[in-house]
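What follows is chain A paired twice: with chain B in the first complex and chain C in the second.
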Partner chain A sequence: MHHEILLLALPIAVSFLVPLLARRSAAVARWIAFLAYLAALAYTLALFPSVMASARAVIVAGWLPPLGIALFLSPLSLGAVALVYLIAALTALYNLSSPGENKRPEGGRSARGVALQALFVLGGVGMVLTADLFNAFVFLEIAGISAFALVASGRPLQSGRAAAANVPVTSVEKKSAAAADSKTASAEPPAEAAPSAVSTSGSLRYLVAAQTASLFMLLGIGLLYSATGLLTLPSLVSHPALKSSFGLLTALLLLFPVLLETKIVPLNFWVGRAYAGAPAGFAASLSGIGATAAAVLLLRMLSVMGSGSAFAGTAGELRGVLLLLGSLTVLVGETAAFREADLKKVLAWSSAGQMGVVLVGAALPAGEAAAWVLFFLASHAVAKALLFLLAGFFAARAGTNRWKAMKGLGRLHPLAAGMFTVGALSLMGLPLFAGFWGKLGVLRAVFSSGGPAVLAAAAILLGTVAEGVYFLRIAHSLFEAPEAESGTPEAEREAPTVGSGKPARAPVPAGVLLPALILAAAVLLLGLRPSLAMRVIAPAARELVSPDEQYAQKILPSGASR
Partner chain B sequence: MNALLLPLLALPAIGIVSLLLFRRARVLQWLLFLLAAGALVATAALLYGRWELSAGLSLGVATLGFRNTPLGWLFFAFSSGLTLFIALFSLSYNDRRHSSGVAPLWMILLAATMGIFFAGDWIAFLVAWEIMGWTSFFIIAHGRESSFRASIYYYTLSLIGTAALLAALFTVWRLTGTLDLDGSLAALAALWTAQPGAVTLVALLLAVSFLAKSALGPFFMWPALAHAEAPDDFSAYLSGVMIKYGLFALVRLVLPLFGPAYAGATVQGTPVFLYILGWIGGLTAVWGTLLAVRENDMKRMMAYSTVSNMGYILVALSVNTVFGVAAALFHIFNHMIFKGTIFLSLAAVKYRTGERQLHRLGGLAYRMPVTFFAFLIGIIAAAGIPPMSGFASKWMVIQSLFSRRMLLLAVPVLFASTASFMYLYRGLHGIYLGQLSPRFRDVRPAPPLQMLAMLLLMLAVYAVGTFPGLALLPIRDALAGLQEVIGAGGVGSQIPVTLGTIMGVSSRINLTTVSFVFLGSFIGVLVLYLLGKRRSRVEWLDTYTAGEDPAEWNMTPEQYHYAYRFYEPFEKMINPLLERLSLERAYESLARSFRRLSGSVARALSGGGAGVAVALLALAVILIVGVAR
Partner chain C sequence: MVQTALIISASALVLTGLFGVITRRNVIRILLALNLLETGVNLFLVSIGYAPGKEAPIVTARITGPISPFVDPLPQALVLTSIVIGLGTTALALAITLRHYRAARRLTLEETGHAS
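Right after this comes the complex of A and B.
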């Protein structure tokens, strides 16, 4: 039996074992999950040397495609899997601790939540590893359903004002928008709905959107199968061309759910509430694992459509549209994040904006930006996970998700606030941090393609300006003195010591500090020594640019495709 | 690991270690900072003359190249010297009450500054530029909300500048295929005949970026916020060193494009592009002066004065001759020194009194004599009066205009220069002369270390004023290598200068003689004063209200103080102009519209079923239109 199947088997095992073993205590469940992800990460890293030497296919249970499942282990897929398991392990570590006053195990902390989270991880890993479109669809569905359940399980924070704080601003905003100035931007809205309205409505939106998109993909798969009899990506590469309009339609249908998962305009209306309602640990997974895995799948599909002869010419026609959608996503994402009062929503919209940059990079001809898009994706996954975890911690300490209420928390927990700043600066694309190189690489490729791509570059640069302002606003407010500024210029600026008369706050729990430290260290390391990641990313990019080389020879012995 | 690379790497490392480990050890942090500043001065001494030195920092995906050039060395040496004096001051200034905690970030900023000045390729320049940006943001904001607002204003403009810089960088890369600074600029300059539009675009983008950083043209308003709200010792660094980055980059990156290879239109001998920049500089000089006159806050006033001085420098650069560049560099150096002196004395006043408003101060000369002298020397230099250094550089700026017969542009420069005396003297009188408020009766003079820093700076101002060659000779040597890059030959291609004399187009002045004449007269007057009749001390009386109570007229004593809104008649004259042409209002309305847009976008995308339907419809339209072609 192929031992590589462990990559998929471990999360399945967790999701099945946890309800059996953790009847009494959710802590057992959380530990099982953490250890399993850690083992999976170690296993993935152990597989690296052999896969880097030569990519290989794993046919599960001996059933050849197109009936069976074929896993394709290459630098790209294994690298993505490693990233997914890293974030899963760190999120599980985060869930092990209880950073707030929240006694009831919510969301990802209950046994049920742990099982669902394992399924989500399975979905993410699967859609990256598989070489078959139908399998990708199945894994997308698994991820979608578990995400829906997990988002819906988010509970508001215990303190009273949190109930109102988690309700999204609706009509009140409209009335005050006309006369609004920045200082009075977020007036307390009246509680228009029940406390868990955000979670429920967010998850419902996500469900409706994801299921509709999945329906389209199923349609596309059906059409593709009826026309070609194939579903495996590699075989599509060497298949004779489909009729152009048919190929186009199929390609569009296939891309729908992936675009939705990666928050591309206009399919990202679910982003705000879903992230706001999700528990902090899962929000980190949703962004770090979900969006990343979907983006990798998107990149592979686009590379096949670009070079593959089954979709000959499709990518050329899609390229302009994808560039436009990507630019719009960047602009929309950064603009929407600017005024948000809820920190999780800010981070969610920022994610959308970054995915827009990924799409712009992916839409460039000849895959010029492939390596840098992957680097950008990796740095985004790490930085965003860091930000979401710390946002959860700060929200628990402040009792609300509103970032203005978190003012001054940085003085009590300077290390945590410092790491938050590191993550924010990385997303802004500033040097000494990972995001700089990714953004620089993508921008360079955009500029050198010339023509309409320059408009995309303008969108990305504008997005950077907006992003800088709102991230620095939040990062700095953590360090501001929480008392009102008095008239005397000699306000006390040193951090209050424990003996200063204020009640000493509990220190940052290890379960929050450790993952945050690891992720922050990764951000700094990638920023100072980007070549470390390029060792894996360079071959992965080659695979994206010329998929036929890798796929056709490595996967599928000649008799496999009909 | 040579003298270039070691400080570049060591400084941020020490800064980060200091940030993480020494958060509570305030004195240690500032001591480290002082040592770092000293090390930089030593590095400058080591690097002098070794123009072949270069270093590369390999990061696998890119190599950051650094090169020791005369121009970069000049800026580095000047700024390191000023930083050392400020570091001396800061060690004393940052006691328990006033500590701003910015020393670690400032150390990283020092490294970024060095990186900017010694950058050998575009990526190194960009990396250093960006690091400078975010560290300065956090330093200016230093954890206070009012300072945050000022800092984010500055940083937004800086981000816009960075976007333009990125666009220019990639355009240059695409056009020339190389990232090496000198190589790509030479290749770009050679493209004037083939692709004038592209080169102009690059020049424009770079100009936008650097004008934003140096607060020129439409970006004049951020120093008043940022310099004023920053920690007081850092304001001296902001006004002294940081605002010069844009001008350095203009000389390094933009002027070479307009060298001998320039093949476009010229106005009065200088390229059109530079001529327009010159007028922007002149108008900025006037604008800065007018706004400074209105100010009641001493730091904001001096910030506008800085803006005004940047205008003079840009004017000198626009004549595109070696003499002009020398005048600009000389004024940069002088401005660093005298503005540093002024801001440090303001910091000392604030340290002792806690006040920044002019009408609440007064008479402090009797309590803080050294601080008073420092400010006095500083404003004499700022006004351009001999024997202080400001005179020589302003004279050379105007001479450079004469060399191109650009007499029209000399008008705003002379106006601004003369009118500057209005606010400079007001600053002196408002803070140091006049009546001492009873609140400050027990104010002690500045601490010894602060006085030392101010004394050294005063000495520097006077020394350069007496011996302008001290600064001009290094400048001339540095520019010797640039002669083939900037307009060669013709008028103004030499910088005749000796230790004590400056020479221009229309005349020459032996400043040493002038200075000694002033010194002689001063000593003569002092002797007369001491030999004069006996003086008796008289207690001050609060007489300016002549016994009336201002509350009877619904005024507070402060509003009735003579120093409050001192120039009200002048303000009434210029206010209509300033109101109508308010760029701040334009920016403010732009920011407001963006905020409103952000709210609508977020709401539109969170809306219910209607939003979803619109979204899907929009997608369908985009796909059909985009693909059906």
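Right after this comes the complex of A and C.
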């Protein structure tokens, strides 16, 4: 019996206990989830010292790895788990007192929503810990299924009318929104409030795309098993090389759903709509937990495929393909973010652009940029969770997700808008903020590797310019006076002038302020003292650079790799 | 021989399913196509472990000898898991489709205004 299995058991316990214990009271459910994530985070941190000293595998049920299932505890996986639980705890805290909202709990805050979110967290943690490809498939499915349900549970903001103003809708949708309006006007809001077509269609798009991709992965698993008889990732490190075209096909099939979850280019058409539909608290998890965990799995798979001998014949081609996809993702993601009027979609597409940078870094030969990619990933997770939580708060205050309609909210809530700016500046990669170091490191590695990779650097720099424009535009509009045509840029940071706001000047609820403060502090801390995070990231990067001694040999009992 | 037939029908199912997922617009049809795709993948997995003339991998009283008379049980275990996941996803997808129909009064996903 390994107590490390608690890392997975805790979120399972939450998701199964909540429907039993807290059916009646969503508040109890939210507290259970929050405390469980805190406990899981504390447990993860407690495991750190021993794992930093030496990474180890947890063999589940006594079956040795090539046959059985192993969880791998290492600086990389445990660091990612800590990040996942940190964001899970903070979004749970946010959900404890969600802003601007009264009788109808938003989708993600009901007892069912809490249970689903716990499953999503489980999927993320599992993806990071597992060393088995089929297990990774199952965890991807778990995360996916809970995400589909949560996205579909999104409700129109405040009233059907606000939602109708929020997105351009067809006449049919307007009719249904009007019907929902009249329903809520005539009677108490029913327990199952009107679903929003944005949420359901976003969820279905996501579902069909993700399921197709997962089935491709299953096909890849079948091909791999037929050729090697192995399904554990570490045993591929020392396996004799596959035929090159077969290897490339298998590798791409296996990477399909992971690339989809990290929103890489041909597979990211669902992003905008799925995020727009998701409840605010969950959108933070979807980007902060889902994309991060999938990216860690992606890095692990690429490290095995790039350095291991099984895919030795195809590593070069695979790198070329991924470099191209990464650069395209940066361009497409940032362009899409630039064009969006919906704040949640802006953030979602910016997430895609940032994941493009991760892929570019991961595609460089021999993990030159591994440490900086991991740093970039961590700073993105923290900053994006911060932005999504604050976006949820601003949206609740404005009654819409359109950032233009949030004009002036920064004057009412200077602290919240200030923290939003901190997150945005970090994503842009300005010095003093966390995102700077990661982006700089990736760019440096790209330039030093030379060749066609330099085009990727151009894509990243262009993307940064686009990011700069749209994030500053949003931050500026937040601080603008609602009536005045335009404030001078210098006036941006001015103290709020009293009496300008028509909306009630209610204080920012602690449930928003506290997690946002913690995340903003993390962004600044990582920006000012990157060496702190590097203590974990440097050994984690070594795992990716030399998967043979740091990964495969720790999991496989010597001589058992067939 | 049997294995070849299995793999050919599996690829036919996968391709048919993929065609449906890509070309259909009605959500229910897309989900049907997705199920075809899934069946194809499952069939492919089972066919990998198939070996002519061998037993099902179930330990019964009359089997006492070594492991050789069995077909490979691992793909079958994978397929069982995959079937369960497929069932769950399909049920969820249909529930969301129902919800979508209630909200939008149609079974397609496209929106006419593309601006947002």
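In this section, the second predicted complex is superposed on the first by the 498 of 562 C-alpha atoms of A that agree within 3 Å, B and C clash if a C-alpha of one lies under 4 Å from a C-alpha of the other, contacts with A are read in each partner's own complex, and residues count from 1 in each chain.
Just so it is clear, contacts are C-beta pairs under 8 Å (C-beta built on N, C-alpha and C of every residue); 3 or more make two chains touch, one makes a residue touch a chain.
Bear in mind the structure is a predicted one, so any value in this text is a computation, not a measurement.
After overlaying the two complexes on the shared chain, residue contacts for A:E340 are found with chain B and with chain C alike.
Within the superposed three-chain model, A:F447 lies in touch with chain B and out of touch with chain C [touch as defined at top]. When the two complexes are overlaid on their common chain A, residue A:R473 makes contact with chain B while staying clear of chain C.
Of the two partner chains placed by superposition, only chain B is touched by A:P530; chain C is not.
Looking at the shared chain after the overlay, A:Q211 reaches chain C, while chain B stays out of its contact range. When chain B and chain C are set side by side, the one touching more residues of chain A is B. Applying the stated contact rule after C-alpha superposition, one finds that A:I145 touches chain C and leaves chain B untouched. Look at A:L432: by the touch rule set out above, it reaches chain B but stays clear of chain C.
Applying the stated contact rule after C-alpha superposition, one finds that A:F269 touches chain B and leaves chain C untouched.
By the document's definition of touching, of the two partners only chain C reaches A:I221; chain B does not. In the superposition on chain A, the residues of chain A touched by chain B in one structure and by chain C in the other are 168-170, 173, 205, 208, 340, 345. Across the complex, chain A meets chain B through its residues 168-170, 173-174, 177, 180-182, 185, 205, 208-209, 248, 252, 265-269, 271-273, 317-318, 320-321, 324-325, 332, 335-340, 345, 349, 411, 414, 418, 425, 428, 430-432, 436-437, 440-441, 443-444, 447-448, 450, 457, 461-462, 464-466, 468-469, 472-473, 476-477, 479-481, 485, 488-491, 493-495, 528-532, 534. In the complex of the two chains, the chain A residues touching chain C come out as 134, 138, 141, 145, 148-149, 152, 167-170, 172-173, 175-176, 194-197, 199-201, 203-205, 207-208, 211-212, 215, 218-219, 221-222, 225-226, 231, 276, 340-342, 345. The residues of chain B lying in touch with chain A in their complex are 12, 19, 23, 59-62, 96-101, 123, 126-127, 130-131, 133-134, 137-138, 141-146, 148, 151-152, 155-156, 159-160, 162-163, 166-167, 170-171, 173-174, 350, 354, 356, 591-592, 594-603, 605-607, 611-612, 614-616, 618-619, 622-623, 626-627, 629.
By the touch criterion stated above, chain C contacts chain A in their complex at residues 14, 18, 21, 27, 30-31, 34, 37-38, 41, 44-45, 48, 74-75, 78, 81-82, 85, 88-89, 92-93, 96-97, 99-100, 102-106, 109, 111-113, 115-116.
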